[in-house]
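Structures incoming, each one as structure tokens.
Both complexes below contain subunit A, partnered by subunit B and then by subunit C.
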Partner chain A sequence: MSGLLQKNIDLAGSNIPWLEGLRDKGREAFILPTAKTEAWKYTKLRDLSADDFVLSGTDEDKSHGEEHCTCGQGECHCHHHHEPQTNLPFAGYEIHFENGILQTLAFDLPKGVMIKPLMEAVFDGDDVKKYLGKDIDLASYPFAALNTAYLEEGVYIEIEEGVILSKPIILINHTHSCHQNIMAYLRNVIVLENDAKATIIEDFEYTGEEKSRYFNNIVNEIYINKQAKLEHYKLQNEAYKAVHISLSSVRVREGGFYESFCCQKGANLARNETKISLKEEHAEAVVNAVYLMNGWATIDTTTDIEHLSPNTKSQQLVKGVVGGNAKGVFQGKIHIAPNAVKTEGRQLHKALLLSDDAEIDCKPELEIYADDVKCSHGAASGELDKEQLFYMRSRGIGEEEAKRILVEAYLNDVINQISQEDIKTWMLSQATINQEEK
Partner chain B sequence: MSKTPLLEIEDLCARVADKEIVKDFSLTINEGEVHAIMGPNGAGKSTLSYVLCGKPGYEVTSGSVRFKGKDLLSMSVEERAREGLFLIMQYPVEIQGVPVTTFLKHAVNAVRKHQNLPELDTMEFIKTVREEGKKLGITPDMLKRPINVGFSGGEKKRLETLQLAILKPSLAILDEADSGLDIDALKVVAEGINAERNEHNALLVITHYQRLLNYIEPDYVHIYADGHIVKSGDKNLAIELEKNGYAAFVKEQ
Partner chain C sequence: MDNKQQTPEILDESGDKYKYGFTTDIASETISKGLSEDIIRQISLKKGEPDWLLEFRLQAYRYWQQMKEPTWAKLSYDKIDYQDLYYYSAPKQKVAPKSLAEVDPKLLSTYEKLGIPLKEQEVLAGVVAVDAVFDSVSVATTYRAKLAEKGIIFCSISEAVREHPDLVKQYLGSVVPYTDNFFACLNSAVFTDGSFVYIPRGVKCPMELSTYFRINAQNTGQFERTLIVADEESYVSYLEGCTAPQRDENQLHAAIVEIVVLKNAEVKYSTVQNWYPGDKNGKGGVYNFVTKRAACRGENSKISWTQVETGSAVTWKYPSCILQGDNSVGEFYSVALTNNYQQADTGTKMIHIGKNTTSKIISKGISAGHSDQTYRGLVRVSPNADNARNYSQCDSLLIGKNCGSHTVPYIENRNKSAILEHEATTSKISDEQLFYCQQRGLDEETAVSLIVNGFCKEVMQHLPLEFAIEAAKLINISLEGSVG
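What follows is the complex of A and B.
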């Protein structure tokens, strides 16, 4: 049995039957995928199950002696209070998580906006019960099942009808695991009522030892009601031995719009998965992403977009840059239901291979059961253009710098689609390939 | 008056994909001089320029090249550029996603770093680029566009000339700089190049038409055939060539 699913973990709210029932379903449904599991055949989980991860925030996590600390700072800061800090070049409602544990929420929110720790929303009897786990088939998403088994940390965000939030809500996830390998489970529920508009940013960074190994498992449940619009941005810059597995499950109702962009550049093993149900007419989704990596990393971008009603629309542009011995995986599924006529589903994946040992696995999948639809997918991979490299070098630009400039240029047309100027600028500055591990 | 040699090529042999194209080529270019190499299409003139710039795939099999007294052949492509070698390419490459100004700034700072000079102030740099661009008819809008993408033949050559004006190389090689240019564009480019000439730098003009040489007057003209120089003379040789064609000279061997 996998060491990921531990017994006798003390979770808050274990006396609430519906919550504990949900966790039980998660425990029952979790089976670690193997090489034979279709959804995971390109992304090998390697030694994930053999790892001795300790759940973040438990007594076991805190019980280490400082003499075992490997962070090399003389004094261990793992459980000292870290002042929330961020280098983001824009203001927003910042929500800080440290090693997957929510820190204090300290800001004034406009009327009609609620942000609460998930468990507080549960105890307060808020609508969170209506949403938790409702759209996720745990049998199909083993890591969402695992996340459900550990359901406790995260936030509940509710934007009331017609409320337009001008500043972004920023979920900043710092991991500074240094003495032992921790695992952390985050569950965020985000609800936009009719005509609401908001922006969510997820930022995953490590602040400790760059070689630290940890496992972040995130599930976002996103509900976009009629004519509401959510912009969702994510930067995944975990430590290079970390594991990051994330699922965003999104339901979009009539005229609603989900626009997302994800940049993945960290971790040894990462999957950013997005499942979108365009439930009602004129629901729309944009799911763009870039990924960049070196070393031995595997970075996976998986999408599943269901067009369930007529006149729904989805667009995906994903571009990756893979060097070293790394591997990029893209799995993109578009499902068009029999009644979903006049829908439009577009998907394009392109990758740049920087070395002979780099690998790309791409699996587009179209399931079209309706006539009168516009659907397309494309995939391409190639190498850096030698003539371009020579041209730049012949002007004095060093080979490494020329490569870096060309890589950034390759990704910029995806990033330039970001509609908010300050977020675009930030992402442009972040989309650089991390140094190869030494 | 003794002249300072800038480029000294001795018995250079080079090949591309196992085909010997440059054979026992020798030429010395001193500071302040303009040399023209003329030859028929397919004579390997572009190969010579690529060999001098160190383009991958162009292999030197024997001979030596010294640039400002240093061994040019042991330098990487970028080191040659930083030392002051510049090639105006016949077909400048398009680079999607990299704006002209960004590209120029990277290039200038790479050269300046090599010379132990501090990086240029961005505002100052943009001002300089705009001023130099204006002389060549390059609008601020063109400077924001990706390098050469959607540029006409004339615009591409003007952009090459702008890079020359900004990078201020010691030796510029013009590889068929007049191809794809109408007469007005040719004048603008030639004027731009002439404006950068001084007693310490030099030009190597590679062309198969005499036309360009009406605007950039050479001190020496060399006829290039079968991988090396078959005849040298002054600018009158170019006029003679234009009249009689290459055949007479190529036959002489």
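What follows is the complex of A and C.
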């Protein structure tokens, strides 16, 4: 058993057989991937197994937090409720997590929108049972298995038929540095009934000491019903020694639409994985992402899109910028089932290497079992165009500044695809490379 | 140990398309079934090999015993019982033939059926030299004298071991070490024969060198080993073509091709592979597990692989280029066509090590019937490979709704000045294209074959002329029955 999977953890609802059964499945299925695990070939987990992580919110974590408080406020409040703080330049229904533990829920929700702590939904006997863990093959997703073993924290979001949300639902997670070596598991279940429309934003930040090491593991289970539409944005800006591994598992029914954009710029080891099942006809998905890094980070973007019905469509555009000794990983799979004819799957990955020691590993994959399809993938990598740099420098722009402008311009064509103006502006402002560690 | 095998000549009358499905009635001299150190010693003894080679084989065998058969490829086939195979079989011949006249006439007629009459070729003078491999031992090598004038060595590898041991010893296993992979290791332990080519410094080989492989005796795994060394400033174009007789039992073929290209030298290696693919229901057919690799060791060296793969029930093959020398060039052009229940997992590896190295991958895959095909490739740029350049294009064409086509490229870039591009597309033949052809009076089958040949043209034009014609015919034959 790995150190990540600890025994005798007291989780809520352990008396509910179906829930405990699900956790047991997670415990059984979890095996830490090795260098020989194909899906983790490029993203090495060596360091992870040696870490002595403590589950967030446990007594051990709290006492450690008190002892090592670096908040500089005299008294540590890290395990108490913090005042919700946000720097997002737009309004939304905010849900705050601290160290992966729910603090405040959104209020003033419009009619037809339900947001509850996950365990409350379980105790209330809501539909959550119908959805939890239904679409995730635990053997293929070891970290989702681990997440399932610790299943407790997170929210259940249900948007009723025909409800159109005008403001985004914002999930903010702050990790506090005084809590060294914590691990946190978040599980969100998001259900859009027929014809519903919503926007979800995930924002992962840290406060305090930037060198803190911690592990965030997130699983989102997203169900998009007929003609419903979800826009899903994510900013991953964890501390530079952190580990962030997340999976969004998305099921899209007839005419449904899932659009996502993820910007990853933090963490030492990060993987943002998206698994989409386009279950019924005319289901559609757009999965765009950018990643920027420096230092010794490994940032991984992995997608797996299954076209299971005719006339489904998917599109992916991923761009990355890698400097320092960092490593960018992209793995993208398009799977087309037999009979899923008239489908379209497009994928493009491009990466810029900024330094001599940077590395890009890319594995785009097509797996096609139907003939009447249009599928393509493209992958390219290279460095900044020397002529463009020269042009800018000859006009009096310093080298660093010129590089920064070119990098931003490089990523902008992905970010510009975001349809909501305020979110686009926010993402544009966030898409800068974090300063290299000293 | 003698094992007389009398196999009746079978010409398939069930309407199957495999043109070369017959066996030749020749007494084979076979070592008993199975694999052990004893068997390896026997093979080595029969071939009169020096001790160092026996030692090489035994080391490989010991290593192989600890290895596991790879399962990562997208292939499914019945487990191979390696103890149920003959590892050595040679046409029975008391004395090695000095000319074609001494060759068993039955053997010669087999080649005639295959369309490579040696006698005629001798008359045709100087077009193609054939080092014909029948099962495991080279029986005739033509044009030797002419090549010898230039100092070119083109002979069977067993002969090379006897006559040029230093060269063989220097290069054997230097590109594909026996530890490389399961099938290469097996080959290193039991390889029976193959070709050896050495082009001396500054020599441009005046003709295309060619080998015809033929699997004959039943249950004989073919373990060919080819070693090509192109010394500085030299050039050679090498053709490999394969046909195998029809059988119900699966036949195993695990070959190794090693190529060493030195400074300013160029090697062009072309393959047309049309071994028996199994029948319409996926019964029988050759298992083809091949390790092909070329090392561009010197500056400005160049290797070009061209392959047309239409045969075999199962193909596992990744001709690779190790671009060590600065400015070296690697090319890979491939057409793979699978029909019925064939499975192919094929592609290439381009390993950029030297500076200014360039590589190009053009892969065209056509799947029809119930077949499954995977392009699996690797492009790796190591930290010192400044200004490396790669362009890859993998296109797949699907014919019929029961086939599968997959693309799995791995792209690893560790040098910022490298420029890598990869593109892949998958589609079917468009209805518009078909309609256009049919409207002009072509029937559907002809139209499909025309479009497929157009689809492959970019690769075909890299084949030597005779091969290009054969390859185009092969594609048409292989496509039959896939439409409608």
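Note that the second predicted complex is superposed on the first by the 421 of 438 C-alpha atoms of A that agree within 3 Å, B and C clash if a C-alpha of one lies under 4 Å from a C-alpha of the other, contacts with A are read in each partner's own complex, and residues count from 1 in each chain.
Throughout what follows, a contact is a pair of C-beta atoms (placed from the backbone, for glycine too) under 8 Å apart; a residue touches a chain by one contact, two chains touch by 3 or more.
Please read these numbers as outputs of a predicted model, since none were measured by experiment.
**Student:** Taking subunit A as the common reference for superposition, should the pair subunit B and subunit C be classed as clashing or as fitting?
**Tutor:** fit
**Student:** On the A-aligned overlay, A:Ser394 touches which partner chain: subunit B = first, subunit C = second, or both, or neither?
**Tutor:** first
**Student:** Identify which of subunit B and subunit C touches the larger number of residues of subunit A.
**Tutor:** Of subunit B and subunit C, the partner in contact with more residues of subunit A is C.
**Student:** Does the superposition put A:Glu38 against subunit B (first), subunit C (second), both, or neither?
**Tutor:** After superposing on A, A:Glu38 lies in contact with subunit C but is clear of subunit B.
**Student:** Using only C-alpha centres after the superposition, what angle do subunit B and subunit C make about subunit A, to the nearest 10 degrees?
**Tutor:** Between subunit B and subunit C, as viewed from subunit A: 80 degrees.
**Student:** Mind working out whether A:Leu406 is in touch with subunit B, subunit C, both or neither, as first, second, both or neither?
**Tutor:** In the superposition, A:Leu406 contacts subunit B only.
**Student:** According to the stated criteria, A:Leu138 is in contact with first (subunit B), second (subunit C), both, or neither; which is it?
**Tutor:** In the superposed model, A:Leu138 contacts neither subunit B nor subunit C.
**Student:** Looking at the overlay, what does A:Leu353 touch: subunit B (first), subunit C (second), both, or neither?
**Tutor:** second
**Student:** Is A:Asp361 contacted by the first partner subunit B, the second partner subunit C, both or neither?
**Tutor:** Second partner only, subunit C.
**Student:** Pick one for A:Ile200: touches subunit B only (first), subunit C only (second), both, or neither.
**Tutor:** Neither: A:Ile200 stays clear of subunit B and subunit C.
**Student:** Let me test your reading of the model: by the given contact rule, A:Gly382 touches which partner, first (subunit B), second (subunit C), both or neither?
**Tutor:** In the superposition, A:Gly382 contacts subunit C only.
**Student:** Look at A:Tyr369 in the shared chain and tell me whether it touches subunit B only, subunit C only, both, or neither; answer first, second, both or neither.
**Tutor:** A:Tyr369 contacts subunit C only, not subunit B.
**Student:** Report the closest approach of subunit B and subunit C over their C-alpha atoms in the superposed model, as a whole number of Å.
**Tutor:** 16
**Student:** Can you give me the overlap between the subunit B contact set and the subunit C contact set on subunit A?
**Tutor:** none
**Student:** What residues on subunit A touch subunit C, complex-wise?
**Tutor:** Result: residues 38, 42, 338-339, 341, 351, 353-383 of subunit A touch subunit C.
**Student:** Quick one: in the complex, what on subunit A touches subunit B?
**Tutor:** The contact residues of subunit A facing subunit B are 385-388, 390-399, 401-402, 405-406, 408-410, 412-413.
**Student:** Which part of subunit B faces subunit A closely enough to touch in the complex?
**Tutor:** Touching subunit A: residues 53, 55-56, 76-78, 80-82, 86-87, 89, 92-93, 95-98, 102-103, 106-107, 110-111, 114, 146, 163, 167 of subunit B.
**Student:** Quick one: in the complex, what on subunit C touches subunit A?
**Tutor:** Contact set of subunit C toward subunit A: 72, 383, 396, 398-428.
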